[in-house]
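Read through the structures below before going on.
The same subunit A turns up in both complexes below, where it pairs with subunit B and then with subunit C.
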Partner chain A sequence: MKRSSWQLLLIPGAALVGALLVVPLVMLADMSLHRYVPFAPSIVVGGYTLDSYLIFFNPVEAYLRVLYDTLAISLYSVVLTILLGFSIAHFLARTKHVRMRKLVMSITIASFFTGTLVRVYSWVIMLGQGGVVNTVLYALGFERLRLIGTDTAIILGLIHSSLSLAILVLVGSIRNVDPSVEQAAWTLGADPITTFIRITLPLSMPGILAAFVILYAWDATAFLVPMILGAGTHLFIANLIYDKFMSTTNFPMGSAISVVFILISLLFFSLSSALAKKLGRTTHD
Partner chain B sequence: MAATTLVFLILPILVVVILSFDPRRYLAYFPPAGFTFKWYQFLITSPTMMGGLVLSVIIATITVVNCLVVGLPCAYCIARRQFRGKELLLNFLSLPMLIPEVVIGISLLMFFTRALLYDSLTKILLAHFLFTFPYMLRALTATLVGYDKSAEEAALVLGANQIQAFASVVFPLIRAGVIGGSIFAFFISFDNTAVTLFLADPFTRTLPVALFVRLKSYSDPVIAAASTLLIALSYLIIILLEKTVGLDKFTGIAPLPGR
Partner chain C sequence: MSTEKISRRSYLKWVGAGVAAVAVAGTGYGAYQYLAPKEQVPTTQVVPTTQVVPTTQAARRLTIGVWGGTGEDAIREINEHFVQQYTKGPVSTAIETYGWSSEALEKARASWPKIVMDAWGTTVPAGVWKAMRAELISPLTYDEVPELRNQLAVENVTHDGQIWGVPIELFVEGLQYRKDLVGKKITKFSDLFSDTFKGKKRIYLSLPSWSDGSWLIMAALSRGGDENNIDPGFEATKELAKNGAIGGVFTSQTDASRLFMSGDAWVLGTCGMMSPVREGLSLDLWDILPNREAILEDTKGIGAGSAYVVLKGQNQDLAKDWVNFLATKDMDETWCAPNGTLPTNKDAHAREDAAWAYPTPQDWTKKCHVPGVEYLAQLDAWTDRWNREIIPLIS
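Let's look at the complex of A and B:
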């Protein structure tokens, strides 16, 4: 049996991803270094320039604000999602009621599979002027609130769309925490809260970290949620890029923003990889 | 707290289902004013919607097959062999997960135009493969790392060659993971709106794109009806999953970075 032939198996995957991903991204980077000329007969005009990047990082312009909005709002969402998700994940990992567990699991997975569009739409119905929340408020005698177009709406939408993913990721890692360690803590006199803080939580940290990274990537690249629930007040990076390409046809600027964001994501990803390695344990092997 | 969270999870979806029966043309007023099936009737008879549904299913199926064919060998190498740059390769192949769909859509559009590829369906299939592949790869890698290798070793010791061992021992063990990963990948492809939006043309509309276009023009309960049908479909698949593979196996299959 040939010893090195198995490496050939990797080639189709790497080649396809390489062609479909790297080449377009290189084109994108190339585009970002050109000058933006409105109404020019061809998109690429003139020589190379760092104009777009200079404009992006200029504090006077609004681009950094959008970046901040994206990263900050996503951060709030992820933290809340992990908190909420952990409660259900812990239940799923530890409960003895088989039927309850299967029921909650099906709800979680079904929620995962409902599409983004449906979800965003349902929140429009929940938070709109004539929606559920406002109808209840009005019936109770309060004023209707303008909820669509606030960052709260976006956060709710983001939490709702990533909650199932969070639960699925967290359950695996909570399961890996050996229950006998928890039981040992109980026999030694710890109450449930202490056990949780000093035993369960630290041991499920790799999973929580993994969930944090993937949820943050998921939320920060969101497009539909900030677009529809934010109604233009809090643009996310994805919306900004879309706008640059589609509305103002400022391809260099759109490309520049994309490049900056991808670099930030890569940085974030590698930092968390390093952190995960440092924590020592993996959750699968 | 878990209970409240569950309610939070279910409530908006429930509202959509309830409102899909609302006879009024404008949506988003909560207490529904009546009960009707007419939006469902419209859906079933609408060529855009039904065509979109069929197209989405076809694209998703082909994408899953593509990902499996390319991904299984890759996952096998990554899970079972040591080589330099393995970590790097896995991260490279997962890159599409990190890039906003908008960016993928636009850059692919630029690329395909310059490559003189104009056929919408091909473009969509290539794009769907690209962003579904990382999820499939990670799910498969997780499965291939996690199964009990001693059974496979036993088979090899008893005289089976690599292929026989794979077919009769390894494959049944990883079947659950493969199915789970496939279903996951199917929905990633099926649900995709942003990337497909850039690459579709008026003759090649997937269901999410058709719904999105409709959402922009009207705000009527047709979308609620479509959503309800999709939700029902996903519950059906859940039940199917439970009967064949068992839902518990689904956890731990979700992709994890930083490995």
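Let's look at the complex of A and C:
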């Protein structure tokens, strides 16, 4: 039996997935090149034009600022998520306390299956005017703070929604670091901090980079977190796209924003892949 | 066939490929089932002679679109009554829910010509106008929907000389505020610029794209503008933002309710008063302007409402019977009671504990401004301008 015979069974699936991915993207790109006619009967009307892209890249308009906010806030939250997630993942990978490891892993996985809406509203309960934080502050004699509608609330919401994913991605890469290499470093007189900085961290870097890419995609496409915890003070790209498609039926503009964001994401992914390959070679050298 | 033993890896590859193929086939079959037109299955009726006689009349299925939450509960109850009382033949009903009325329109548009909802609820006047522009809904006549003769605000669903929906409720998008937190009475729009609110970030506004610009229109009215001259509205909003009075925006009734009930928002502008009534918030704690007794001295509330529209499709005659039934006194009250809105049926009454919040029909135009629909073509530009000029001031 030929080795590639079984692959024939995958052709229908691959074709379907390809069609479902490629065809909508082509339609999206086509839609973005049409002229916007307010509340027209048909989704695609008006002749071909680059108007939507010209408006998007016009520095007077808000689109570039929203793009910057999306990328910047996501960057802060991803960095913090990885810092927090790495410590928990390191504990899970290295601890000899089996029960504790199982408990933490169970909590991580259970949290992962909690819906985003539930998590967002849990932060609303925490940070709201009558929430836990403000209740404690008021009890201690301080004034209640306005926490919903701030960058901090959005970043906290993003960290919460992606932390479980970060832990699950990072724990694998830390486990792949041979403990005997760390032991060899200790034997040669390195303290734990030096061992971590010079051995564990560099060897975990491919996993950290993979986590970074996945989490950045996760956070940058967030919709509910900025909408509810941000109280509309910081729009993300996803909020903008939703507005254009659902509220003002400006399908060309919504499509143009989507196309630009997809291209930026592809560029980001390519750079990350190149960096990952370089790190892989450096690690093995 | 080879007599070699199959390796575990090879076995797993075949199993995986087989599962993928079955999954694809299943997906295709499911898609076919969803997309293919459904045939009516004839029912049979057992007659007293014990002879089973197939009838020629199948149960027609009517799908009603509705906002989730209390709206869904109300429509379920209304549907039960409709099925029991409908005399033109057997009928069954189903419900399709959505969050915004815009979602309903886009659902209908995306699935066209497949009908996912025979009738759906939407906002007045903007939602009805948008559905009309999308060429998805059927105009209504007094002969087809006799209850229209007994409804208020039919002019708000009339465009190009035709009636495009059945109004079912009215409400005012006004200034809703927490008396206990603001600490004083608000009587005019310009009170929002007082020191009470400066730097506090406690005024939350409805996003223009969500509320069809009602806040901007109210703000414009306070400074001599309206929906066709919106610049004063933007200027007023910018001034409020620079004062540090604006805390953020809300994009749903749920959001508005949460902000208001929790005390994060001292003032909601503009919002219908539904949630405090629904949540049973004490009248000592909140107020809405304008209302039955009070006006906003330097502007008007935005007169708004909901209506049901009928999709063009094979069930539109049944759907028109349904919306006619919905517009009757008892059913209109059933719809309006959970949220305390004002029924449009002239014989129907608002909830006793909510009637105070609305101007009388005689006072409606004195206290409320009902915008035209021509401005809606500018809504996208308003949204862009909001993102450009207002959001940076409140971030």
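Rule of thumb we're sticking to: the second predicted complex is superposed on the first by the 270 of 285 C-alpha atoms of A that agree within 3 Å, B and C clash if a C-alpha of one lies under 4 Å from a C-alpha of the other, contacts with A are read in each partner's own complex, and residues count from 1 in each chain.
Heads up, the rule we're going with is that contacts are C-beta pairs under 8 Å (C-beta built on N, C-alpha and C of every residue); 3 or more make two chains touch, one makes a residue touch a chain.
Everything numeric here is computed off the predicted structure, so don't read it as measured data.
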Check: Put the two structures on top of each other at subunit A: do subunit B and subunit C fit, or clash?
Finding: clash
Note to self: Let me test your reading of the model: by the given contact rule, A:10 touches which partner, first (subunit B), second (subunit C), both or neither?
What the structure shows: both
Margin query: Under the stated touch criterion, name the partner, subunit B or subunit C, that contacts more residues in subunit A.
Written below: B
Checklist line | Which of subunit B and subunit C A:124 touches, first, second, both or neither | finding: both
Note to self: Which partner chains sit in contact with A:178 here, subunit B, subunit C, both or neither? Use first/second/both/neither.
What the structure shows: neither
Next item on the list: Scan A:91 for contacts with subunit B and subunit C and give back first, second, both or neither.
Entry: first
Notebook entry, point to check: After superposition on the shared chain, which partner residues are touched by A:165: those of subunit B (first), subunit C (second), both, or neither?
Noted result: first
Margin query: For A:245, using the defined touch cut-off, is the partner it touches subunit B, subunit C, both, or neither? Pick first, second, both or neither.
Written below: both
Next item on the list: For A:105, decide between first (touching subunit B), second (touching subunit C), both and neither.
Entry: first
Notebook entry, point to check: Considering each complex separately, which residues of subunit A are in contact with subunit B in the first and with subunit C in the second?
Noted result: 1, 6-7, 9-10, 12-13, 16, 124, 128-131, 245
Note to self: List the residues on subunit B that touch subunit A in their complex, please.
What the structure shows: 1-2, 5-6, 8-13, 15-16, 19, 27-31, 70-71, 73-74, 76-78, 81, 83, 87, 89, 91-93, 95-104, 106-108, 110-111, 114, 126-127, 129-130, 133, 137, 142, 145-146, 162, 187, 190-191, 193-194, 208, 211-212, 215, 223-224, 227, 230-231, 234-235, 237-239, 241-242, 247-248, 250-259
Note to self: Looking at the complex, which residues from subunit A come into contact with subunit B?
What the structure shows: 1, 6-7, 9-10, 12-14, 16-17, 20-21, 23-25, 27-28, 31, 84-85, 87-88, 90-92, 102, 104-119, 121-126, 128-132, 134-135, 160, 163-165, 168-169, 171-172, 175, 207, 209-210, 213-214, 217, 221, 223-224, 237-239, 241-242, 245, 254, 258, 261-262, 265-266, 269-270, 272-273, 275-277, 282-285
Checklist line | Interface residues, subunit A side, partner subunit C - complex | finding: 1, 6-7, 9-10, 12-13, 16, 36, 38-41, 43, 55, 60-63, 65-66, 124, 128-131, 146, 148-149, 227-228, 230-235, 240, 243-250, 253
Note to self: Under the stated contact criterion, what part of subunit C meets subunit A in this complex?
What the structure shows: 1-2, 10, 13-14, 17-18, 20-21, 23-25, 27-28, 100, 102-103, 106, 109, 129-130, 133-135, 201-202, 204, 207, 209-210, 247-251, 255, 258-259, 262-264, 376-380, 383-384, 387-388, 391-392, 394-395
